[in-house]
Amino acid sequence: MFMRIDKLQAALPEPKKPDPNAAAALQELLGGKYGEMSTLGNYLFQSFNFRSKSKLRPFYSLVASITAEELGHVELVSNGVSMLANGPGDPTENVDLSAAPFKEMQDIRLAGSFLSNGGGSMPMNSNGASWNMDFVTTTGNVIIDLLHNFHLECGARIHKLRVYETMTEPTGREVCGYLLVRGSVHAHAYALALKQLTGVAVEKMLPTPNINLDRIPECQKYLAEGSHRRLYRFSPNDYSEMSGIWGNGEQALPGDPPGALEVVDGHPEGGKISDLTGNYGAFTPDYAPQEMFEIASKIYNKSR
Amino acid sequence: MFMRIDKLQAALPEPKKPDPNAAAALQELLGGKYGEMSTLGNYLFQSFNFRSKSKLRPFYSLVASITAEELGHVELVSNGVSMLANGPGDPTENVDLSAAPFKEMQDIRLAGSFLSNGGGSMPMNSNGASWNMDFVTTTGNVIIDLLHNFHLECGARIHKLRVYETMTEPTGREVCGYLLVRGSVHAHAYALALKQLTGVAVEKMLPTPNINLDRIPECQKYLAEGSHRRLYRFSPNDYSEMSGIWGNGEQALPGDPPGALEVVDGHPEGGKISDLTGNYGAFTPDYAPQEMFEIASKIYNKSR
Amino acid sequence: MFMRIDKLQAALPEPKKPDPNAAAALQELLGGKYGEMSTLGNYLFQSFNFRSKSKLRPFYSLVASITAEELGHVELVSNGVSMLANGPGDPTENVDLSAAPFKEMQDIRLAGSFLSNGGGSMPMNSNGASWNMDFVTTTGNVIIDLLHNFHLECGARIHKLRVYETMTEPTGREVCGYLLVRGSVHAHAYALALKQLTGVAVEKMLPTPNINLDRIPECQKYLAEGSHRRLYRFSPNDYSEMSGIWGNGEQALPGDPPGALEVVDGHPEGGKISDLTGNYGAFTPDYAPQEMFEIASKIYNKSR
Amino acid sequence: MFMRIDKLQAALPEPKKPDPNAAAALQELLGGKYGEMSTLGNYLFQSFNFRSKSKLRPFYSLVASITAEELGHVELVSNGVSMLANGPGDPTENVDLSAAPFKEMQDIRLAGSFLSNGGGSMPMNSNGASWNMDFVTTTGNVIIDLLHNFHLECGARIHKLRVYETMTEPTGREVCGYLLVRGSVHAHAYALALKQLTGVAVEKMLPTPNINLDRIPECQKYLAEGSHRRLYRFSPNDYSEMSGIWGNGEQALPGDPPGALEVVDGHPEGGKISDLTGNYGAFTPDYAPQEMFEIASKIYNKSR
Amino acid sequence: MFMRIDKLQAALPEPKKPDPNAAAALQELLGGKYGEMSTLGNYLFQSFNFRSKSKLRPFYSLVASITAEELGHVELVSNGVSMLANGPGDPTENVDLSAAPFKEMQDIRLAGSFLSNGGGSMPMNSNGASWNMDFVTTTGNVIIDLLHNFHLECGARIHKLRVYETMTEPTGREVCGYLLVRGSVHAHAYALALKQLTGVAVEKMLPTPNINLDRIPECQKYLAEGSHRRLYRFSPNDYSEMSGIWGNGEQALPGDPPGALEVVDGHPEGGKISDLTGNYGAFTPDYAPQEMFEIASKIYNKSR
Amino acid sequence: MFMRIDKLQAALPEPKKPDPNAAAALQELLGGKYGEMSTLGNYLFQSFNFRSKSKLRPFYSLVASITAEELGHVELVSNGVSMLANGPGDPTENVDLSAAPFKEMQDIRLAGSFLSNGGGSMPMNSNGASWNMDFVTTTGNVIIDLLHNFHLECGARIHKLRVYETMTEPTGREVCGYLLVRGSVHAHAYALALKQLTGVAVEKMLPTPNINLDRIPECQKYLAEGSHRRLYRFSPNDYSEMSGIWGNGEQALPGDPPGALEVVDGHPEGGKISDLTGNYGAFTPDYAPQEMFEIASKIYNKSR
């Protein structure tokens, strides 16, 4: 079972204006082969299909718990995409539809993101291709699945780095910065799991690509708070068994601030979810939503 | 953010033997157009892209909270699939690979489910086609998205009913029984949301298809405990605002046991996740996993 | 069986110049999830698979007849796309291929539309993704299929509105204007069919999105002629039974010009199909087509 | 524009029992690369995108008119599929859902055809893969498009022959028999068009594969009535210009009954569309449809 | 550039009878995510996109050379598929098409393989889903690409093992046996490449899954000849630089026959390609091919 | 079996600067329906599935040998794509990632080509859609397969011509020029094969589109050396039997420089493969690759 908390894992700054092509670039980290839908999808189905859970409890817990974090990553990138595509919103009423108020949307990279989704995020990559099961590996063999996951997180890291290198505005950069720190944790965790099972010091391949996070300003506050050394349980009561893998004397990677790895109860503090003021002219939430707002307000009052 | 709890939303009986074609049928409820990946994917992205969340809080809360329940539905069906495909497992060691120990797997409907996934579930439908973004509608317009969701839940109901009608063994039947009750709640909830916003008594279309759940034995215990009148918040602290829609004097549908609708804190009691004893001959978790089990046992002890 | 008439359902003004990105935007209304290929595909297969046609004749006739109109919608949008991409054409002979005469085609949004289709329309959406069966719902259950269709037409309406809002030139705007009127008829018709079967006043949800067509100049001549109150039979002799649903005292929607709904024999007057003068330099119809034209002229004379 | 007539192009015998795997085989002729959706899709979009229509009128008319016939082919195969999958239907009321009334549907080749479509046809091939735009060629170049079409019809012929060779029951065999005759006409017609434009006697490649239709009993009545020498205009007033290609002294192919080719006004006599009695236990048209039938009956009476 | 030699990399025994479901299982090793099309596609595009080839020559040579071997693997599996689906062939003339000579083909797992391909292989997996670019990783980063390749070969191994475990006839078993040996070489090679670049003893993870090839009878003759210690250059003059990775004192894996690794000039001896006697009744090579054979014979004589 | 030679079939000039949209246009010739992956995929699988190879040897040899050439075409276009996307490369060290060094990559047509592939080629078309098996026809019937191939090469020619017409820089133009000459050879060859088998003078349809190669400056040196009259065997010892088709008195097409057709031993001289200097800032081959270069240098020395 899963529970939901109405916050993001990290606070995202509100964009000053719509930036649809930045949103489109960020989609690579959402629905690309190495995006968050893929990390989520792999760990989700691997955790469902995990064999001999009781006998392999620490490994099962690791995969199951990281799954919950990946859900929040999907949420974070999606919010980034819709914030960038939407900008501060435009609650102008009585927009003149016949004046081509969105003519510039014909020239954005993924015009369908406006035409169909009103700027909302979708499970697709930066070229508009859908996420699909071809990105999921779940063999039921523990070594192969973990090895796949280690490779996946390394691949995800280069994608995050490249998307970051195209970003000029703060919302998307913050998304990348946060995910780079957390993705490094996951790569490190899978490396340690493989080391336990095979004796091979896989974590010595890190960081891949060959660059430390001290080069990314947006990563610094997360590194400073020790995020790179923490695996959150993302569960009220479960998954503590992964501390035998993440913990147990293992240390932060050499290029990161030093310290022991630790499993942390609960979840990060996180940040507020954007209210996403709509574009009434684009029918989000609708063309003339005042009556709708009044109905919602009455219902809201009844719910308290 | 999301949290995970190491339980299923409903207890599933363990299958007595592998039944790969039953598992393949159940896949329709996982990755089909009207399967749980679709309800999840729609509500997940709609909640991310929801406009004017603060002004439309009860409606946002409804979609956001049901999303969390759908995650558990995906988990439930996936567990059902892998349990049916796997059966009680076979921890025989030293299986003779050269004796074609899995020759019957050439003739199961979705041979790739064995060959690639070792019997594990995947985000695909009963014909092996991948779930993809073509199943997601997120327009940013509240009425259209809710109308889509109402249609989606009605469509999901006919799929669940038909899958149920093909099932002879208890694991898959239980999955269908539970989901039929909960899916009816979601159809009802979206109908009430539409009624609030449009004044149209949409819930009078229910049940669709035209059959009450009293015809399904596996639904009875859930109806008896009032599950059809409950929306769980699936959140420690959030989403209570949906009680203005689900609640507020609204009653159970005429064909179901009577009573008032209510928003319930937390989540259902749920049931244990199957341990899924592997087939060592199929390399799940591996061919000779004893050393792996010992490593895990040591790590587990350290984690306590 | 189907018959074809060499006219469009509405006259389209000829574009003054090629506008490939406008053509690409219009593709959303052709091959998108909520485009005309989807309305066509759904009603086509639902009419093929309709059960108990004789006992449910008015409902069957409604779906079967609208199918024929949708074929003309696909034709209309496709013509709009190819006209916009092609512009007035360029029958210059002896174009110098080595001078990169189409260099600007590298930068249009869907370069493949030029490279592969010479500017022709294709069954794909505005991002270049193919139309496919994932957009077709045909359950064989009458309520679910009609409910799906009602949702589909509402969804189609928001897509048409948004595409319209990006259009600055008359060809594409006319396509949108015509389709908005006719799509509203179809949404209204499916609402009335559902009302007959369920007793729920579904048509009170209209218009969705929340805007009347009097805001769209291109819709006015169609409203003035009463197009919003007419369902054409699009058949020499069949489908009149739908008048029990569309007709039978039912009236135009409140926001539209008032009057009774009526089933109309035959089809609308329609308009001429563009001759689409080719680009000889792009090998449409070929690089040096004069001999081809002469052959055609001789054959044409023989056919008279 | 298109008109619809409530008949099939050929009469199909009613099947005695459901035969889902025969239906699945027939799907190859519907949604396969060389199926009727492909011939339709190619000619539909080629006719929309045809350049210099007025100067190339006979060729345009040929493609545009055959498009209309292909619509009827799609309809014919689709009806064949749903008839075979459905069989005579089962209007039993109060089916006991809990007795696994459709348990055998887990083992049919395309279980999703039952679970999702209730036995209805879909635009997919015999392996359940969707028809899509990758099967459409529309270059805007007349020679290449016609050459593609000639190859397509030859390819379609081998698929029809092979599907026929797997069929033991009359419904599917009749579909194949009719389509083999009409497909041969289309291959012949495109060959003659190419001959006109290039001087190459392409029709001498026919028949491909190397077998005459006199070997197929189901083809004989169509050959006897001269169907292999006829191109129907499938239009009230248009497309007669193709008689300069199909006609004009050209004769039937050597292996077929002799005679001159001719363009025929209108359309073939055709046959009745099956009523498709539903399976109430499968919710087609619904579980307890009597009230629905009564409503329809009242509406029907009002429409007369 | 590539050259072709008219032999297979290994000799395959001719099957005694058609075995379409065995052929379908083997398709997983051809077009599945971890099949030979994927290993080919990854190394092909990585070799094209390899950066700083001159400075990283041994690594480039390794990837480029293995690419050539993978082409032969695709060929080997494809031949296995078509041999199994075809069996010894049936050159009966004048087959009675109307007697449903291939009725049993309606019930094979992938009926389209007969209907469309006449039993031929296609780039698809065992469920009939197409190979596609989602299976290709080419980041341009050497470490990530090599890590991907190592994981890919380990994943490919479990797929080969499972397909083997379903095979009862010699053709498919031989394909698996050969590929298991050669795939192990490639996994080992990528491990050594990673060890050179990162210092991590990746090869110590092998074999994965946890079983030695001495358990597979069909592997023994290849092990005996030392195939597991050999990388063929598959080139007249190039790629010898990879001997610094494969060679250079490195030894066979502990579970395999001992010995030093070595780069071998040229290619393995290989075996004859099956003549694949067709089914004239299935139009392969055609229904009445005698004239075709005579033409070919004359041409052949002229070519000598 | 296949061998590889470390050269391209033609020398490509190095681009002066990155030109990602030119690279994206060139992708149409790589992974489009009528691109080189398609010609390769069709001939590859047709050669694997070819029936009665010994009795139809000249035809088998033709298809099998051209397959080998197509591999080199895929290589040539891929190199062209990666060269254009990459440009001269940028081995700057210590690039400041936080300065958005690749911000312009958000606006290129296929941003994923940078974000995921670092500018590398992929098996996709100019709109970013994947190559897949829907582009492969392998019926096992010799006439149909050859007819398909003839149409495919004609279709490929119009695509090459149009891509060429968008190209302003030399790398992409050279790719097109070379492929136009060689593609014409293949169209001609399949035409001659069909003529042998059917007696129809198919080659008289050429050239299609209706333009000679003397209009393309980049073709002239290849025409001058007689490339249009040559089929290379691309094999050490095999495939000479095709000289009965290509040769045997047949002559160059009328619009090309005159002369007899001939089968040529071996392969063309070809040109050097670009070294593709990476962008260290894009992590190709990595961010700080000096250590990697040193390792490679040591290994290289050992390999000599």
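So that you can tell them apart, the chains are marked A, B, C, D, E and F in the order they are listed, and the count of residues begins at 1 in each.
The rule is simple: a contact is a pair of C-beta atoms (placed from the backbone, for glycine too) under 8 Å apart; a residue touches a chain by one contact, two chains touch by 3 or more.
Fair warning: this is a prediction, and the values are worked out from it, not measured in the lab.
Enquirer: If you check the contacts of chain A and chain C, which chains show up for both?
Expert: Joint contacts, listed by label: B, F.
Enquirer: If we look at chain C and chain F, which chains touch each of them?
Expert: A, D
Enquirer: Do the two copies chain D and chain E share over half of their interface residue numbers, or under half; same or different?
Expert: Mostly different residues: under half of the interface numbers shared.
Enquirer: Counting C-beta pairs in contact, which chain pair has more, A-B or D-F?
Expert: More contacting C-beta pairs are found at A-B.
Enquirer: If you average the CA atoms of chain A and of chain E, how far apart do the two points sit, in angstrom?
Expert: 37
Enquirer: Could you grab the centroid distance between chain B and chain F? Build each centroid from C-alpha atoms only and quote it in angstrom.
Expert: 48
Enquirer: Cα centroid separation between chain B and chain D, in whole Å?
Expert: 39
Enquirer: Taking each residue of chain C in turn, which ones touch at least two of the other chains?
Expert: Touching at least two other chains: 33, 109, 116, 118, 128-130, 132, 134, 139, 141, 143, 158, 209-210, 282-283, 286, 289.
Enquirer: What topology does the chain touch graph have (line, ring, star, complete, other)?
Expert: Contact pattern: none of line, ring, star or complete.
Enquirer: Touching pairs of chains, which are they?
Expert: Those chain pairs which touch are A-B, A-C, A-E, A-F, B-C, B-D, B-E, C-D, C-F, D-E, D-F, E-F.
Enquirer: Hey, which residues of chain F end up touching chain D in the complex?
Expert: 33, 132, 134-135, 137, 139, 141, 143-144, 147-148, 150-151, 154-155, 158, 194, 198-202, 204-205, 208-210
Enquirer: So in the complex, the part of chain C that touches chain A is made up of which residues?
Expert: 21-22, 24-25, 28, 32-34, 109, 125-129, 158-159, 161-168, 209-211, 215-218
Enquirer: Looking at the complex, which residues from chain C come into contact with chain D?
Expert: 1-9, 31, 41, 44-45, 48-59, 64-65, 67-68, 71-72, 74-75, 78-79, 82, 86, 89, 116-124, 130-134, 136, 138-143, 196-197, 234-245, 247-248, 267-268, 270, 273, 275-278, 282-286, 289, 292-293, 295-304
Enquirer: Given the complex with chain E, which residues does chain B contribute to the contact?
Expert: 96-98, 100-107, 109-116, 118, 128-130, 281-283, 286-289
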